[in-house]
Structures are given as C-alpha cells and as structure tokens.
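Following this message is one structure expressed as structure tokens.
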Amino acid sequence: MAIAREAEPVSSLREIREAGLDRDDLLLTYRHMLVTRGIEERGHILYKQGKIPGSFYTGRGNEASAVGVAMAMGPEDVGTPLHRDMGVHVTRGVEPWRIFAQYMGREDGPTKGRDGNVHMADSRLGLIAMVSHLPAMLPVAVGAALAFRIREEKRVAVGWFGEGASARGDAHEAMNLAGVRRLPTVFICDNNQWAYSTPMHLEYACETLADRAQAYGFEGVVVDGTDVLAVYREARRAIEKAREGGGPTLIESMTLRMEGHAVHDDASYVPKELFEEWAKRDPIERFRNWLRENAEFTDEEEEQLAGSVKKILNDALSRADESPLPSPDSLTEGVFATPEDLDTPHHK
Amino acid sequence: MAEKTYLQAISDGLRQEMQRDKRVFVIGEDVGVYGGAFKVTLGFQEEFGPWRVIDAPLSETAIVGGCTGAAIMGMRPVAEMQFADFISCAWDHLVTVAAKQRYRAGTPVPIVVRLPSGGGFSGGPFHSQNPESSFAHIPGLKVVCPATPEDAKGLLVSAIEDPNPVLYFEHKHLYRRIKAEVPDERYLTPFGKARVHREGDDITVVTWGAMVYTADEAAKQLEEEDLSIEILDLRTLIPWDRKAVLESAKKTSKVLVLHEDTRTGGFGAEIAATIAEEAFEHLDGPIKRVTAPDSPVPFSPPLEKAYIPQIEDVAAGLRELAEY
Amino acid sequence: MAIAREAEPVSSLREIREAGLDRDDLLLTYRHMLVTRGIEERGHILYKQGKIPGSFYTGRGNEASAVGVAMAMGPEDVGTPLHRDMGVHVTRGVEPWRIFAQYMGREDGPTKGRDGNVHMADSRLGLIAMVSHLPAMLPVAVGAALAFRIREEKRVAVGWFGEGASARGDAHEAMNLAGVRRLPTVFICDNNQWAYSTPMHLEYACETLADRAQAYGFEGVVVDGTDVLAVYREARRAIEKAREGGGPTLIESMTLRMEGHAVHDDASYVPKELFEEWAKRDPIERFRNWLRENAEFTDEEEEQLAGSVKKILNDALSRADESPLPSPDSLTEGVFATPEDLDTPHHK
Amino acid sequence: MAEKTYLQAISDGLRQEMQRDKRVFVIGEDVGVYGGAFKVTLGFQEEFGPWRVIDAPLSETAIVGGCTGAAIMGMRPVAEMQFADFISCAWDHLVTVAAKQRYRAGTPVPIVVRLPSGGGFSGGPFHSQNPESSFAHIPGLKVVCPATPEDAKGLLVSAIEDPNPVLYFEHKHLYRRIKAEVPDERYLTPFGKARVHREGDDITVVTWGAMVYTADEAAKQLEEEDLSIEILDLRTLIPWDRKAVLESAKKTSKVLVLHEDTRTGGFGAEIAATIAEEAFEHLDGPIKRVTAPDSPVPFSPPLEKAYIPQIEDVAAGLRELAEY
C-alpha cells in the first residue's frame, strides 16, 4: 500500500512550457546533460591515464535527475548535491575546466586539491560541498532552509541522498526537523537501486522511499529519474510549493546506477538483464527522442550542440591540465577561517 | 558593572548579542518556552520570538547540522546541548562537516555550540562529562572553557563573532556558585590568551574551567607552607596559549597540569608533551598531571568525590613537585 | 490519514483470559502496578529528604504501559526499558530494596552506585540497563533480536523509546534494520505527549508515531497506555508475532506524563486541563475499577494487597538504607571487563 | 607457516575464528556478496551463510549498536566499517553505550570493530583518517593497531576473545604492501605488550601501524650515520605498554614519538606526557613528536605527501635529537 504519488511522464511541449521551460530551456537542459556525461566520460579516461589520483565516481544514468532538479531551482535557491549529481554543478554554472582540475587535484579545482572527485561546490552558485559521509549534508540543507524561514526569504534548499543513505539517522533527523517546522526544503532521493553492492531490499523495507514522507508529515512523489522533464516538473512543483510556505516534499527519483560504484568496481553483482533493461531508458537518448518527436529538434541543431560541447570539454581539459598542483607550503592554510572568509554572498 | 553569576553572565552576553545582531539565533531542546534546562535562555522567546529561539526536536545532529546550514546562509547560530554529554550525538557532524568545510571547500561555518559540562552533583555518567579534549583533537574546531563570569561573557561574544565552529563549554558547577563583576557593555575576550589567575614563582598550575578554583584553594593551602603557586587559566584550549604556558614553565621550572576530564589522552597530555618538547631544559622536575581517573563519572557521592580532582589531590601533587 | 491500527479496550475477563492472563495474573498485574507506583512515590519522598543524590524521575501515569508490556514478555525475552518504565523492572522481578539502594547510590543497587535513578537493569532478568542518551538502547535491542535470529531462537527483544526520542537518528536506524531483516523486535513508543517541556507537535509531524512503522515495512498499533489490559493484549500479539517470524511491530502507547520531567520541574507548561483530563484515566484506578466490575475484585483482596505492598516497600526501604555507600577504593574497578564477567546466562 | 599479506592475515584470522566459534559473526556494508570494500571477507558468505556474514544497511549506529546487543546476548560480533572514517557515525554508541556498560551496569560488551584506516592513496579527507586517538581517550574501549601480518592475525584473535569493545585499526597502506610469515594455527597476540621492531641504543622511536615502516627506513638511514635507533611498535594503544616505553626511554634517554594522526591531542601527547612524568630524570633531551599537522587529510598528492610523516621527517627529527 504505497502512499506516495507516482508522477506521470510529460506528454507535450505545451505541458512543459506551462511547467516553466520554453524550447531554448529544453535545449539548454539537453546540453547540460551532454556536458555532464561528457565530463564524467572524460574523467574516466583521465583516470585510466593515471591523471586522477584516488578513486573515481560517475553518475551515469543519473544525468536527467540531476539536471532536471537543478533546472527547477531558482537562482537564489541552494542545494547539497552528491556524488552522482554532477549535472547539478554543471547546470548551476560551474566551469568544466575547474571540475577537471578538481579531479586531478589541481590548484584551480574548487577545493584547490584539498578534496577530490565531486566533493566540491562553488558556494557563489548556491551549492554546498558534500562530504563522504552519507547523508550528512541533509541536516545542512535543512539548516539553510531554516535560515530562509527565519529571515522570511522566499528561497528553497534542496538536499540529495541515495536510497542506501536513507538508512542513516541523519536522513531521519533532517526530514523530521524539516517536517515539524515546515521548512522550505525539497529532498531528492536518487534511488539508483544499489548502494555499492547492496540492493534496495537490504536498505529499506517500505514499498517506495517516497512513502517515508508520510512519516514526516509531508508529501512524497516517485518519479522516473530517466525522464528529465518529469523530474523537472515534479521538482519545480515541490520547490514552488516550499517557496510559498507549503513545506517540504520528498521526491524519489528512480534510476539505475549504470556503472560500478566507482571505477574499480565491475558491478558484477548487478544482474545483466537489469543493465540491459535500463540501458534502453538512457536519459540522454530518451530526451533526444522526446525533443525530436515533440520539439522539432533537428540534425543540425544536434550536431552543433555536440560540437560545441566537445569543444568546451577539450578546452576545459587543456586548461585544467595547465593548472598547477598545489604547493606543499599551502598545506595548513585555511584550517581555520578568518573573518574575511565570511565575505561571501551567503555568509553575509 | 554589576555582580553576576557565571550563568547570568552567559545569559546576558547572549541576549546582548541577539539584540545587537539579528543574525544570531538560538536553537536547542527546551530553550524556548522553558528557557533551557539551566534557564540560560529564560525569557528569550518572549523577547525574540519563536523563530530566533527555537525549541528543536530531540535531534542533536539536526540541531548542530542545521546550525551549519544556517551559518553558511549567513546566520550566526548558537546551539544549546541540554548537557555537554549529548554532544556525542552530533560528533559526526562536527568532525566530518563543520570542522573540515573551511579547509576543504573554503566555506566557513560560524556556529557556536553551548555545552553545560562537568560534574559535582551526582549527575552520573551521562550528565557530568567534560568532553572538551575529544574536540580539541579535531583540526578546525575551536574549544572554549571559561572559568569566570567576565570571561564567560567575553568569550561567548568572541565565539559568536568567530568565523569557525566553536565549542563553548560552560561548567555547571560554576553556574550559580561563582559570582563576580561583569561589564555591562559588549566586549570580546580574545581566544588563545591565558589568564593569570594567581601569580607565583615556585610551581605553575595549568588548568581551566571549574578546576581553576580547586587549584586556587590548593594554592592558598600551600601559601601557608611558603610555596608560591602560579595558576594559569587557559580560557581556550583551541587555540591555547602555548607562549604563556611555556613562559610560566620557564619561570617556575615546575608544572602541574590539572583537569577534570579523564587522564589518558586528555588535553593535559598535550600541554605536558608541549612543555616536554619546548621547555625541556628549563624543567626542574617531572611534569605532573592531576586529573580524573580513566573511568566513567560515577554517580554515588563518595565515588564522584574520589573521581573529581579535589583540593587535597592538587595540594598533594604540588607538595610532591615542591619536594622534588 | 493514519495508517496504524487503533487498539480497542479489553472488554471482559474472558477476552483477557484468551489473551493469556487468568485471574491470578490479573491480580499480579495490579500488584506490580501498585509496587511500581509505590517505589516511585517513596523515592520521591526519599528525594525530598535529601537521601537521593542528583535528580529524580518518575513514570507516573505510565504504570499500565510498562507493566502491561512486561507481562506480555516471555521469560527468555529481553528488553531495554527506559526512565518511565519502572514497571518493567518490577514485573521482571527486580527486588524493590535494590531499587531504593540504586536511588540512594548504595553498594547494593544494581549499578553499585555507579549510576543513578532507573539507569539500571538486572541482566539475569533479561533486561539491559539504559543510558541517558535517548534512544540509544534501540539499536541494542535490535542487536539482541539479531542474535536470536542468527541462532534461530524463538526469543523476542523489546525496545522502548519516548515520542520525543523518536526524532533521533538511532530510532530510525534501529527500526530500519529490524524491518529490513524482519528481526524479532517489538518497539514500544511511550508517548506521554511531552518531551521535557516540548509538546508532541514540535517533535514529529505525522498523525501518530505508530504510522512510522509503515516506513519500515511493519505494522503499527496505537494503544491507550492507561489501559493495562489493552497494552498487554497488543504487546502479547506483537511479541508472539515476532516470535513466530512475523517481524517487528511498533506499538505507540498513549499516556500523559503526570508529573514534571523530573522532580525539579513543575510542568507549568502543561495545560492544567490536560492534567485534569488524564487524572480521570489514572491507570491504577482504571484497572481497579475494571477488576471490580469484571473480576469480582473484593475489598478484602484489595486491602490485603495494599497491605502486603506497603510491607514490601517498608522492608525494602529499611534494607536499602542499611546498604553501605560504595567505597572510594572501588572507583576504577570494572572499567574493563574480565573474561569471568562473561559468565552470565546471556553472554554465554 | 606461509607468507601472507597483512590483509590476508586478517582475513584468514577472521575466517579461522568463525570456523572455530559459532558465536562469531560479521556485519557491515557490502561485506557479504561483495566481500567488503577491501575484500577481507571475500568468500565468507558462501562459507558461513547470510546470517553470519551480514550485509547491513548504510547505518553505522545500527551496525555497531546492533553488535552490542548481540554481544550481550552471547554472540561475538565483528563489525566492519567500510573506512575507519565512518566510525564517526557510531561514535555516540561506542562512547555512550559500549564503553560504559561494564562499569555502570556490569554488562560486558565483547565486540570488535574493524577499521580500515590511514592515508597514502589520495583518499582525501574522509578515506584516510587515523581516528585511534579519539577512542583511546574514552575509558572502557580498547584500541588495537597492528603493524605486521603476524600481529594482525594474533591481535584480531585477541580482540575477538577480549570481553570488551575493541577498535581494531587495520592500516590500508599495509594491506597488500606488507608480507611476512604468519603461523597457520590459532594464536593470541597479547594486548599491552609492545614489540621491539628494531633494537638500538641512542634514540627510541615509539610508534605503531604504518609508521613502524617509516621509522624503520629512517633508522636505516641513520645507521649509516652511526646512530643506533630503537623502534617500539606499540601494537595496542589501550592498553599501551608503558613499561616497555619507559624502559626504552631510560635506556636511550631520548625519545621520538611518531604517528600518522594529527598532532594536537594525538596519542603521541599521552606517550610524551607519561615519559615526562615518569622517566623525567632519565631524559637527555626534549621528547620530540613527529606527526601529521593539525589539518584534515588533503587529497592532492603533493599535499598528502607533505601531510603524512615521511622518512625524511623522521630522520630529521632523529638527527635533531642526536645533536641535542
């Protein structure tokens, strides 16, 4: 007996226009998805070339979900995206070369080499850098929403978590506080069916995770995370509801993690058929087809887009590669903040 | 200036900051309607409203983690733990997120967590602890332990102004017992500057919090035995005033480190180790530590008394050093 | 839209006999409730006399809930009762004099003066001593159930928590693990409407906490915690279900905390009318009336019972008062366990 | 006897205990089907079944807290943290429940938590930490840090047999790098007995875990400079072998304490403080600490290299002491 609502696919250009995206926005969305996948594919190559230290994670299969939610956020909204959510950073405007620099531990990565992978965020773009510990950023997202509520600002905080991380206490405390105080928060559960090697049924025993919203007194929605427009529409609804004082929403976005947990993992524990089934629902393919069928997306447009994305990525790679490694002299800089560090748009 | 208890000084300092700066808000269990378990925020909700004095659910991670999020969005949150012991429930957040966010991601986390700590009332194993040492080991956190009403206010103001996560330990045994003049106006007591609680020449005692008074009583006893004891009140553990400690050690050549927390791996070890490394040639005797033993804090009065360092324990330690 | 089941009151002697209690059991139940209240009332007096160090907590109003659940547990079942659940200790058989000794920090208290109040348990009676941190014992209860499951024993672990403590991560992690693995656990939420001074609606935003069971894939039940027989019946059902492999149940037992959070607290934040309303539902009164109406409980029986309880308590008080304070020499004994410490029924 | 990696020694030791004692079971994230992030339990689920090799939800508190409950009911649980860093999420349980239950309530908690720790692979701030000092400060917990394959097995067996909560830190940088002969039969390496990794007369290095090998390389360098270095591998921090350390300090009169964890409040401070208190008159020089600096563990290779004590850092410290 599921209690969450299941979202329908988006049927037409008109419907999505009503939800807030015109044709240009749709092409932009598609572009963000291409850039997202491109960054991670290039990253993977860099990793194999030995240019990326440590491990390497991708969000293949999650591009629609990440970009869809980010497209629905307002410029003043904030969020705490995770390791499968590169699309959020891309959509919010982080420059791809800085991501490559981050991957490679260079001085110009957002963390200046102090942290790796997608453990980064540009706070000027309203994002807060994730930590490894999952889902430790959810209470932080709720705290951001609390600030908005105290100041009576019409802003919304978006917090991400995986279906695996749903089992941790932090998820509970964060959603409970948001529910009790009806804080302007939207919780996005990236349900990619696996937590490392652990399948869903060993992480939770309810029918859908969106059902948990009920335990916190707000609404839950399940959405097909390979359908960027459905994700966008549901995220938009939830964000605008929160903005207007309607309290939190929990959106469970269903996908499949299309690669291993990280590059070292061949995911042999995932049934092959599952990969095959979900490969047919590749979010980029799917959206391209939709655009062709519903928005007269032409071959020329597509070629042009692909070309410009390719160029951006190539340029980004070279630029990142010119970024120096951090100097060992900077090792202990910034363990403590100085008052000047608070001169950011957010801290003021 | 007016005479105030340590508790009143904290309360007034906090109120003054909230009056002055709209970004400051308070969140914790029972801090609103009830005014907090120790009544530090009594009347605050009437004055500042329910969104600046927030009765939170019983959720330490949500409380402290929420503060981090609010701080990044420009607020200056002050969380109250009902007892310092319960900060264990927000350990992960503090250590994982708050402590490292500036270093990793360039994002400062200006939050204050108020922690009523310490024993002496048969609070038992979970209402008496002094967990400051655990946090002092984590790079990125500041740790504050005022001993006097004046410092309690001034260090709280500094904590709120500091751009880092600050753990503010307020010792429950000082709350109503210790009274002194406290300036009415706003002032900042700087972090990392020890206070010479008592000047002396023969032996240095390095301590903080409630133990300052225990040391003082012991020093008075020894004064009668013609021993002149210097007492340094560290005020803040992170940062701590290495310079003052090393100078005093060089002056007296003998040091006793005193704390209410347990011994092994307590912050006293850091102080002793630093002296052993940096003032070695000035020492005329071993560096002595007087601390609680390595056990939980027991409930029953005779056990608790044996657990918490007493005046006699300090005096005995000082005599031993004197005779060395 | 509540999803948990609401339990009906128990209507007749026959019904409760079918649920497992004969008349003698009922009188025993009543007696346990009297002893429970008596211990706490005497404790309160001791406290006022300055004989109890530290603070002092009672569970007035929760006697039916605690005793009802404990009566439903089998001898081999285990539990982690809390600060309002003195009735569990009494029902499982801890001797009252040892409780007074515990209160007064004496050598013969179950913790030998190392801890106070009801932070104690006799592990030979299948109980595990609570810590202050709430609800830190829930994962422990689930771990006990895990041991039973691994060894395929037909035993059940009962874990208690307050409606306030429901907000903490530990509650979530424990119930989630129990649900995922269908462990033989019964969760009892003592919902006494207040968490210190904090009312329910600031602790959670769902309709009933029993509804949360759904988030963990098991059944939730709301029961009137002033009705000892209804509590017993629901607990019994849940325990036997768990024993037979049916997985966990969450029982929310509704009461009002009839005194302050602890003795220092006058509870002036609780509306007077609420106290008045719930005073009419005093669990002991209520059960006495039921016994009179349904079980021919006579004046003589009642007098005899009251007399024997009084005697037990008086004797207990004197015996406890003879117990010495612990010697300071024992201060650091037992920080670490020795192998011999494992020679308990449970550890083997 | 066969030559085994450190990782293999842990794995084999654990398997042997599980074969021998049905009460031993393993629980953690991805320990079953996947065999654990580092494959320590590879093949265990096939051998012991899904109820003795349990793939847990992502819930560190439920995992470790669950172990406590199972232990009290007679099991001998071995929890695996995917990385030692994540133990912060079970801090409250360990400190509040597991550490104090024996003292307070007489209930022992015989659990083992396996903690893959340490840096050296650009794991970044959350996959490289050495949180042993934090736990060593908490009375009631034991802390184990094997450096050799032989000890890895023997200390694991002792940990499982110990009636207390044991934090078993296995250093990831030793997993596949360090190989040595490991006895096939079951044996217990006792807690609290340091291992003399290298005998020497001029300076004592006290260390543990991966730093034993760093110290060894430094000692080799200094041998060429005619300095004879003694290296004590503590093996266990709680309990730690005060006697061996004090004796070696008395013998050499100069001590360097080395650890990979950060400096302030690290366990090295405890060792130095103890020496300063108890072997003071035998010292011919300051007690030196070589440690990571007080910062999170950085990701980028040049930073991480500067962060983790290197052979050169230890050699420099030893030379300084020698010249003193």
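As written, the chain order gives the labels A, B, C and D, with residue 1 at the start of each chain.
In the analysis below, contacts are C-beta pairs under 8 Å (C-beta built on N, C-alpha and C of every residue); 3 or more make two chains touch, one makes a residue touch a chain.
Since the structure is predicted, the reported quantities are computational estimates derived from the model, not experimental observations.
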Of A-B and B-C, whichever chain pair has more C-beta contact pairs: A-B
Chain at maximum distance from chain D, centres defined as averaged CA atoms: C
Chain A and chain B, separation of their C-alpha mean positions in angstrom: 40
Distance between the centres, which are taken as Cα means, of chain C and chain B, whole angstrom: 37
Mean-CA-position distance for chain D and chain B (Å): 30
Geometric centre distance via CA averages, chain C-chain A, whole Å: 45
Contacts with 2+ other chains: residues of chain B: 56-57, 59, 61-62, 85, 88-89, 92, 96, 100, 103-104, 125-126, 139-140, 294-296
Chain A residues counted as touching two or more neighbouring chains: 111, 114-115, 119, 131-133, 167-170, 173, 176-177, 180, 202-204, 335
Contact set on chain D toward chain A in their complex: 29-30, 33-34, 37, 55-62, 82-83, 85-86, 88-89, 121-127, 293-296, 298-303, 305-307
Residues of chain A defined as touching chain D within the complex: 53-55, 105-106, 111, 113-117, 119, 131-134, 164-169, 195-198, 202-204, 269, 325-328, 330-332, 335
Contact set on chain D toward chain B in their complex: 85, 88-89, 91-92, 95-96, 99-100, 103-104, 125-126, 133-134, 136-140, 238, 262, 264-278, 280-281, 283, 285-289, 294-296
Residue numbers on chain D that touch chain C, as the complex places them: 25, 51-52, 54, 56-57, 59, 61-62, 64-75, 77, 92-93, 96-97, 100-110, 139-140, 142, 161, 163-164
Contacting residues of chain C [partner chain A, same complex]: 1, 3, 167-173, 176-177, 179-180, 182, 201-207, 211-212, 214-218
